[in-house]
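Supplied in structure tokens, the structure appears directly below.
We call the chains A, B, C and D, going by the order they appear; numbering starts again at 1 in every chain.
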Amino acid sequence: MNTLVNLGGIVMKNPVTTASGTFGFGLEYQTYVNLQRLGAITVKGTTLKPRLGNPPPRIAETPSGMLNAIGLQNPGVERVAEEIMPQLAALGVPVIINIAGDTLEDYAQVARRLDGVTGVAGLEVNISCPNVKKGGIQFGSDPFTASEVTRAVKSATELPVIVKLSPNVTDLVVMAEAVAGAGADALSMINTLVGIAIDVDRRRPVLGNITGGLSGPAIRPVAVRAVWQVHRAMPLIPILGMGGIMTARDALEFILAGATAVAVGTGNFVNPRATLDVVEGIEHYMKEHSFNEISELVGLAQRDINKE
Amino acid sequence: MNTLVNLGGIVMKNPVTTASGTFGFGLEYQTYVNLQRLGAITVKGTTLKPRLGNPPPRIAETPSGMLNAIGLQNPGVERVAEEIMPQLAALGVPVIINIAGDTLEDYAQVARRLDGVTGVAGLEVNISCPNVKKGGIQFGSDPFTASEVTRAVKSATELPVIVKLSPNVTDLVVMAEAVAGAGADALSMINTLVGIAIDVDRRRPVLGNITGGLSGPAIRPVAVRAVWQVHRAMPLIPILGMGGIMTARDALEFILAGATAVAVGTGNFVNPRATLDVVEGIEHYMKEHSFNEISELVGLAQRDINKE
Amino acid sequence: MSQLLKAEITDCQETGPGVWVTELLAPSLAQAAVPGQFIHIRCGEDSDPLLRRPISIHAVYRRSGLVKIMFQVVGQGTTWLAGRRDGLLDVMGPLGRGFTTLTGEQTGTAAVPRLVVVGGGIGAAPLYFLLQELARAGNAQQVKVLLGARNAEHLLIHNAVKLLGFSVGVATDDGSAGYHGPVTDLLAEELQLKLDYVYACGPAPMLKTLCGMLQYAGVPGEVSVEERMACGVGACLSCVCRVKDAGGMETYRHACVDGPVFAAGEVVW
Amino acid sequence: MSQLLKAEITDCQETGPGVWVTELLAPSLAQAAVPGQFIHIRCGEDSDPLLRRPISIHAVYRRSGLVKIMFQVVGQGTTWLAGRRDGLLDVMGPLGRGFTTLTGEQTGTAAVPRLVVVGGGIGAAPLYFLLQELARAGNAQQVKVLLGARNAEHLLIHNAVKLLGFSVGVATDDGSAGYHGPVTDLLAEELQLKLDYVYACGPAPMLKTLCGMLQYAGVPGEVSVEERMACGVGACLSCVCRVKDAGGMETYRHACVDGPVFAAGEVVW
């Protein structure tokens, strides 16, 4: 049985990684998870300068989901490269670093700094950040700015670049085409949906930041649809699928819809062993249904569906 | 205590109605609900000609939500006007008819046919239907076509017109402004999110139609956010809020975020008395917190939030 | 008339591998229910699982106000249900169109009609209530019950049905009890003699075969089908079953209100 | 070291109005736990409620491997938890940084230090474990315990604490037991004499007042705070608490790993 996948140049021994921001730098979960069993570790959003993040409360629970407004708290790319990467590199597992910024130049600088750092196997570009120069409009909601960010990052690094798409758009395929056209090696989807929870007793939003990002099982159908649509339109670009994965069956929904690899996010909070349970469950499924190559499963649910 | 609201010309004795497609024509729930206690009854999507709907399976359950792809099964506007409205009119409760179509002309004709039919208090225009003429692009995802539909319906009827917005867009406020500019008397939000569920054993989509609309508590944070954003941008246009309302507290989230009235949808399936529980729960809340007018609550959670 | 009620759970027992029988104290349900109808059960207080689960009424004891359901644990909802040993259960019911329980008069024959009742797997659940009613009507002699299962261990209701006085034929996929093969083979034998009516419930492939056989033999009957349901009351239009109408035109009917029991000749498989 | 484990529920009792004590058989937890630490509990098998719930360790019996938690039913998760009378509970723990249990040596004084332990409402829960440890260290004489509650009925742990040999002062909002007023008034009295260290847990307003009093009096201490948590292990960065660092600069610390116990002077209210 072969579970090896190639995610746009990042070679993973199995298709399972972690969703950025939900697994810290991996080390936080070492007590529960043998990190070396993971296909890759995707770490939290890293910016040029350290960031303190948003005022609390930063999370709110919603039915089968949660809202978060962490606000990209992180120690900055310098400390990630100098202090954290050496520890992670020692594990021998590919590390994907999620990067973010307020300007194109921010993204490019972070990417440049990480180029060649031992252990870094690829970058995941979070384009759901407001573009300060363009009046707060998100890079991720406009195909042109999204392609600009992609180009800026690509030209700053030799590393494989995954662009992470936001589901909060009218047409995800347009976004996918734009960033693929600008050189993205892979796509990851989905980032969180924008949501609000109101505290009915205090008559104000629960979160300090008012809006937050909705994640968890609640959004899974939206995420699977995103993967399906993009894989259908662009079958050749590898997709890292995520959104509400708790079990191997959830992960298989994404793979059957067209994802080459999957990431476990909020699921880690519920079951700290979720990543390994997914790895083992996929292996079990392949054995049970006699699949030798994980690639046979990718997009399989679309096979008998007529092209419109 | 005064719970009377005016939803763009539709006067409701309390702010609670039903979400289109989830309450049949109301009569199906008569055994469980005293329909006369409702602020209004919103009935299922009605088209010019009868429609058979999509092949089964038409629903799939997802975490705290469900996907549906009913495909607008309905008996057509003629039978709704002739056979169903007389029964509903006898109740003395305002009836809102949800209308849909493939072309502008379809919408206009359905609206014209319902103009003046006894008991019909207003129309709710479902713009999440593919525009046949424009190659299947949804009316609801393009501001221009959405405003065209609104104009077509407005000029075909004297009835108050509520336009129902789809959340599957990059910027809901742009859509809201477009349809308000075209004469919509009120807005309703949100329609379902587009989703897919995969049957991992059969390795194909669960729904006959592949994609379905996600509803239920899972989407509530997205719906509350939609109401919040639109009310913030356009505080004067009344909003009918919906998406995952199961209890009075859920309904109050929408009202505090800026909704003038609320609709219970998927919640009816779980608790057939949900609408009345919401009516009573809102009254109880107003008593407990000494609010005399329901209007005092509308948008209250935004009051102390600085305008950006 | 259907009601929304909190029924007290008075008993809950595992009666087969993964098959549970829960007993509810619900006098209004016991009074109103007809065989083939179902109840719609809320499984939990939270929003996952969200939708109610439809389960047929398995047995009714009108005098004591007790109602039983029999269900197979297959997923989230039924797992939750099997864990309830006491307390109150939130149910809607009775719902749907049940079986037409035939008497001699209804079939227009002077004699007691000759009926066959066919159950496959967990499909046997609603048939016990039907047989209770047929036994009360006093025509057990003229009813043959055929039950199919994967193997002997998975056979349901056969002992209880014998106690009601019915003659029972058994078929298993592996031959570990009764006939070795599909239960429809036993029906084929019964169809050699004149038959007035057949009632059936079971997996879709079995019902499909059975409807074909009945059509070929010209014998009327009724089958209970399963569709995914949300509302249970005809409001959401999710539970469609493809049927032929009187004129032979194909259309959709709703399993929750037009069914779950349909005339055997009506269903398009 | 923290573990993910299935702990057997050996008992569950309501000990106050809406306050429950659940006993778990969890030897590894009993061995490793320090007062002030918490466990992170999965409440249900489905996805609503989704996140684990953090609950402090209330009591530990190392020899029998038993651990108790004491919790107030306030919502979905705690309602579920109060319904568990047996079976296995999915917990992670022990988590967080607990109280520094002071001995004479640590404070640098030759004599046994004079300590005050202040609990408000359900905040008393983790303090019992702290007092168990202080009693084991044999300095019960030098510890004063102050407990506040809404009214006499809502008072927690006071009898158990007396049994451990501690002297207890009580305050209630309505005067139905002990002093009529906030428990911090009792602390003010204690602060008249020399005090070495104060431990506290309770509602935020109480802790805020208390930290102000300690700062004014120049007495060191520790408080346990509550923040909303997702992961419980420092990975999600949700549970931030605003603190002053050594240089007096304000920054965020994470209640799940840097706390829930913080130095009283550190927290910015």
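Definition applied: a residue touches a chain if its C-beta (ideal position, glycine included) is under 8 Å from a C-beta of that chain, and two chains touch if they have at least 3 such contacts.
All values derive from a computational prediction rather than experimental measurement.
J.: Using each chain's Cα centroid, which is most distant from the centroid of chain B?
T.: Of all chains, D has its centre farthest from that of chain B.
J.: Distance from the CA centroid of chain A to that of chain D, rounded to the nearest Å?
T.: About 37 Å, centre to centre.
J.: From the C-alpha centre of chain C to that of chain D, how far is it in Å?
T.: Chain centroid spacing, chain C to chain D, equals 55 Å.
J.: How big is the gap, in whole Å, between where the Cα atoms of chain B centre and where those of chain D centre?
T.: For chain B versus chain D, the centre distance works out to 47 Å.
J.: For chain D, write out the residues touching at least two other chains, lowest number first.
T.: Within chain D, the residues that touch at least two other chains are 46-49.
J.: Identify all positions of chain B at which a residue touches two or more other chains, and write them in rising order.
T.: Answer for chain B, listing residues that touch two or more other chains: 63-65, 216-218.
J.: Could you draw the chains as nodes, link the ones that touch, and say if you get a line, ring, star, complete or other?
T.: complete
J.: Quick check on the complex: what are the chain A residues that touch chain C?
T.: Contact set of chain A toward chain C: 63-64, 217.
J.: Touching chain D in the complex: which residues of chain C?
T.: 44, 46-49, 76, 79
J.: Over in the complex, which chain C residues touch chain B? Could you list them?
T.: Residues in contact with chain B: 1-4, 42, 47-52, 92, 227-242, 251-252, 257.
J.: Sort out for me which residues of chain B touch chain A in the complex.
T.: Contact set of chain B toward chain A: 62-65, 67, 141, 168-171, 193-198, 200, 203-205, 210-212, 214, 216-222, 224-225, 228, 244, 249, 252-253, 256-257, 285, 300-301, 304-305.
J.: Where on chain B is chain C touching in the complex?
T.: 21-24, 28-29, 31-32, 44, 52-53, 56-61, 63-66, 68, 70, 73, 216-218, 246, 266, 268-273
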